[in-house]
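There are structures below to look over.
Two complexes, one shared chain (subunit A), two partners (subunit B, subunit C).
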Partner chain A sequence: MSGAASSGIGRPSWANLLFVLPYMLVLAVLLIAPVGLGMWLSFQDYDMLGGWAGGVGFENFTNLLNDRIFLGTVRNTVIFVVLTTPAFIVIGLFLALSLNDRTRRSSALRSIFFGASVLSVTIVTLVWRLVYLPDRGLLADTLAIVGLHGLDPVVSETYALPAIAVVTVWWIIGLPMTLFLAALQQIPAEIYEAAALDRTSRWRTLLFITLPSIRRTVVMVAVLEIILQFQLFGQALLITGGGPNNRSRPMVQFIYEAGFRDLQLGFAAAASQILFALMLLAALAQMWLGRRQDGAS
Partner chain B sequence: MLKRTFLGLAGGLLASVALCAPQAWAQAKTEITFARFFGACEGDYGTSQDVAKARGECGVMTTLTNLFNATNKDNILVKPQIIEWGPYYQQFNARMAAHDIPTIAVMHSAQLGDYVRYVEPMDDALKEAGIDTADFTPNARAAVTVGGKIYAMPWDTHSWLWHINLGMFKKAGLLDAGGQPILPKTVDEMIAQAKAVREKTGKPYIVMATSGPGDAANSGRSYYSWMYDQNATIFPNGFEKADFKTPESLATLKAFEALAKADAITKGLDSGGGLGGFLNGAGAIYLTGTWRIDDMLAAEAKPDSPLHEGYAARVFPNLFKTQSVWTDNHTWVLPKGTPAPQHKAALVFLKFLWDHNFDWARGGGHLPARQSLMAEYAKLPQRQYVVDIPTFGKALPHEARRQFGFQNMIGEEVVNIINSGKTAEQAADAMQERSVALLRGR
Partner chain C sequence: MSGLSLKNVSKHFGMLEVIHDLSLDIADGEFAVFLGPSGCGKSTLLRMVAGLEPLSGGEIHIGGKRIDALAPGDRGVAMVFQHYALYPHMTVRQNVAFGLRNIGTKSDEIARKIAAAAGTLEIAHLLDRKPAQLSGGQRQRVAIARAIVKQPDIFLFDEPLSNLDAALRSRTRIELARLHHRLRATMVFVTHDQVEAMTMATRIVVMNQGRIEQVGAPMEIYLQPATRFVASFIGSPAMNFLAATPTGDANGRIMVRLADGTTVATAIPAAALPASGPFTLGVRAEHVLPGAGSPARVDVVERLGERTLVHALANDGSTIVYDEPGDVAPAIGDHIQLTIDPAHVHLFDAAGRAYHADRIA
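Showing the complex of A and B:
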């Protein structure tokens, strides 16, 4: 009999649960219980001032599915995720590839690109509102130089959401860039040396060495950004207020307004469940695609 | 020896505590919390007690609180809890849910109907405080009375104005022989004036903030004002169902449509861009409330200001039947659940505020809640033109639920007419649909 076996190492013991108990308690109180309460609320008639008036089954959900403003927010949110997530991956990877060296220039640029991420949403939107100001903002003045007038993204049903997407990518591109940088620095230098000896072009090196090596990071960034961008709120609220004509109102703003302004907690909780389901589905789909590609390679 | 020393020290300590305690008890202040918006301005008014020099809502509120804390003889300490105006009610709701209740809280009268079950009736409390309710203006009385009982101390009446650049009006030929602005009396006259301003100055007729957080309220207040001019309401058939397709509602929406089609109103500006633009001569009229009069007068006094040629404040003009206008009120409520000592102290502070109601009206720009102050208020610059608002201004009755939700929703749809070309009929349809969701709340 080995020493380890005789001392009980490796054998399951209920006492080991004590090590994770503090974490599980915090998780239960701060996450599982609120999520459960939110799910319960979504089936209730619960008014913040009027109080609880009993269960209503799926009425909150059917009301939501017949609410054109809510359906518009679902459309807006999905479009926003589709606009931003690929941008975060492509631009983040481009920046990481460009700045993946030890020069002072790259170091300074890495700091600059990451710098915007530490700004609060209020500061970022204040700055960008000045850029988007109709007639006398930076964008209007710049476009006027080339003879383009009247393109005011804040009041354009077509450009309001892309304008918010631009702000968001500018603001937090630092995170995906940093994640890609970390992944790039894990690729063994020998592989690149071998490719160089074989006179492999830079393009082929990128396609057949770099990208396959950081595939898991790409999936991680995609899943992270999908989850984050589904939660769009501050930028839309502060730049366009959800307008024009509901074309930039995201789901979280709808939930905020329904719950905290119009005080309909049950209705707002039901909208939260739909948002949760959408985020879960999108993230699972992305992970499934990533695993499928892993299996194929 | 050691034991004797220890006992001696302990005895000395006890004696010191016993000697000091009555003094400490005598100095213990009754602290009351004072939840409000109106901004924070400790940098300018942190220690100021000179109310006559205070300007703006924040300056007056901060100075009044400082003065009360320094001079009251009842050993009361008022601790302000300053919350940003935008999320004030959201935070107030959260605090109520957490039983973290302020002693006194500011509340718009438009919100009082929703919160009435959570605040103290104040008829007896106001009498106990020595506040003469007979001095309430009719507007203020209606604002704080729900079901025959008074639920708040009124602090002001505020309303909706046209702030006019007289220099631009002069260029457009819109001043009378006395140099006063000629206001339109119909929608057609308004559009004709807008064309004259555009032709003569190259600028838009009206500047209004429409795209920042909370800016939808500007359009909502304008909508209500023109509805009240037609003696109309959004609840013609009771408070369980709104109707936005009445002839009066459509006429109001068409007035906005006419302004948008004539390119007579700015698009896409937020509050900063709108106010900054108007102060720099970007338009002839700025739509905002009574609370901006003082800022405009300050700008008019500057020699290099585009307003230096003249500024006028006028009630939002009647284009339909009878002059009326949207009004709301800041009021002070006592949320339920305050212990007796704090409740008593709150009444002392409310009486102090009541006695300084004119300072608020002068510095904050709002109309007084006290009838006895109106004559004095009318002597302030431009106030003669707005002083009668409490006699003809209107607000939704307290029975109408979710009034801020309605104001915002109506404002958003009016903004859609202005900024993105929705027709009056499309906006009315959307308002009708959205009102159903709002009235689901209880």
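Showing the complex of A and C:
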């Protein structure tokens, strides 16, 4: 039976490499090389005007850790992720559960909720600027009806970041909703019928049937949103500009300003590495939690 | 007592009527099988009993109590689904316990019930596994265990054997029959497989296009099918059907002539038959006897081991199937002669209604 043994199935063949080569080339040029370059830059004194002034070891990092504005942006970004990620999961799941049927009403609402996601950040922030406009905005007018005056989130140190979080959730709630809807539709109807025959209350059905069935999607949405929301930039820049008093300035805005306004590339690259490390840690922690529950249940 | 009673039950999906004004009584302790081809409404009917499908009309009573407005969990029924419907993220033990926990059963009683059911179904060693780690047959047992612990008034089975392989299917059939005997519970079983119906049922309900064709004990349905549909659906191979023209009667028994010119003196009382109209003669393979009689030519030979089915072409081109014991069959192309046992023929009128000889003891 030499024919079967020499058929080549399961043996590596260099010809196969040709198929992945185009992708690998693009990946190498556009991702791996820039990441490597960024890491190298973070250990250099590199000024766009002054040029390269040699390696500085960890100086960029120690400078960053002593920079109160940078530490403030780390705090802001982490708070923003903590505010938005659970909201994406809870509201996204709630919408998916409410709209998981074949009625025309649900289908229209699904389109509407997803619709906002296709808008660009400039349009979204423009719309919300009108809502948040001090004294004359929709929010101010509405609050005035119940007698609340002077609560202008975009100029408030306390409410600026939550206000941006609200805009972000409103803007892209469509994606988690759609992912949850897809997961819910994978659950066989027979399981719900068995649960109905088992006299399962609606609450216990959600807790013991639905949620365990879509646990992987919940973890995926969490990881996805952590990675996305750590990169907060456009909304903050356009709504508050990072203010007031840096209280809504996110890390990406700091990196942008250090690199492209102040032209300190090495310093900006070091800040990018810290952002990258934070995102990686948060995503790994989330995945580890998800896997631990997988094993436990 | 926990008999099941359906009164003028109907069901339509939009304009499409799938159950037509159906009434049926199933006594306490019966093993009733709803049998029929795909789309005949048998599963819909079962789901209506379970509460998974609302009624369009009529009433359902269990143990004398009307239940068609109650939620599925309040009807006193337990169901075994075609695809088992086990909760995939729960262990076998949790699957079986879930329904009991929902109604606040105490932990020690749950443990006792699970132990008893696990013993009955021989799944004690599987209790800590998840459904994905079980074979099809094991999942089936877990699904049955989940039904048993609830001690329902009625067990409902929705084609539960159709996903098992042939050997396991016949073994599970025997086990279900044994389980029914032991629990003496009312069971309603849906299938399109006449062998399952014949082997397990105390009573078979043959359904076709949303209507009941016949209700009766397995042998009663086999020997005296009420309609041509029942006659063709029950029995393997299917009954032979031949066009027949009445030619008169002898001693009050109708005589018919077949298309090939053969005359059959049946045992069917002539008085029972309508005056005219086309008739079809039905005869099962075991009642077609080779030897002397009308000429025919062997067309196909099917060897099943313990018997052999011979498909023969009569002079007029119609096919007649008969069986031979063992492997003593003629070869394809052989010319043979066949006789129809007149005591065991049935006649069907144009509407499909059946006429039989008086029951032979």
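One rule holds for everything that comes next: the second predicted complex is superposed on the first by the 292 of 297 C-alpha atoms of A that agree within 3 Å, B and C clash if a C-alpha of one lies under 4 Å from a C-alpha of the other, contacts with A are read in each partner's own complex, and residues count from 1 in each chain.
We take it that a residue touches a chain if its C-beta (ideal position, glycine included) is under 8 Å from a C-beta of that chain, and two chains touch if they have at least 3 such contacts.
The structure presented is a predicted model; accordingly, all values stated were derived computationally and were not measured.
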Go through the superposed model and pick first if A:Leu237 touches only subunit B, second if only subunit C, both, or neither. first
Please indicate which partner A:Arg75 is in contact with in the superposed arrangement: first for subunit B, second for subunit C, both, or neither. neither
Taking the superposition on A as described, I'd like to know which of subunit B and subunit C A:Val154 touches: first, second, both or neither. first
Between subunit B (first) and subunit C (second), which does A:Phe260 come into contact with in this model arrangement: first, second, both, or neither? first
Which chain makes contact with more of the residues of subunit A, subunit B or else subunit C? B
Interface residues of subunit A shared between complexes with subunit B and subunit C: none
Which residues of subunit A touch subunit C once you look at their complex with the stated criterion? 188, 190-191, 193-201, 204, 208-209, 212-213, 215, 297
Which stretch or stretches of subunit B touch subunit A in the complex? 87, 89-90, 93, 97, 114-115, 117-118, 211-216, 266-270, 272-273, 277, 402, 404-405, 408, 412, 415-416, 419-420, 422, 430, 433-434, 437-438, 440-442
Okay, in this complex, where on subunit A does subunit B touch? 45, 47-51, 53, 63, 67-69, 129, 133-134, 136, 152, 154-157, 237-238, 240-247, 257-258, 260-264, 267
Which residues of subunit C touch subunit A in their complex? 50-52, 71-74, 77-79, 81-83, 85-90, 98-99, 102-103, 146, 150
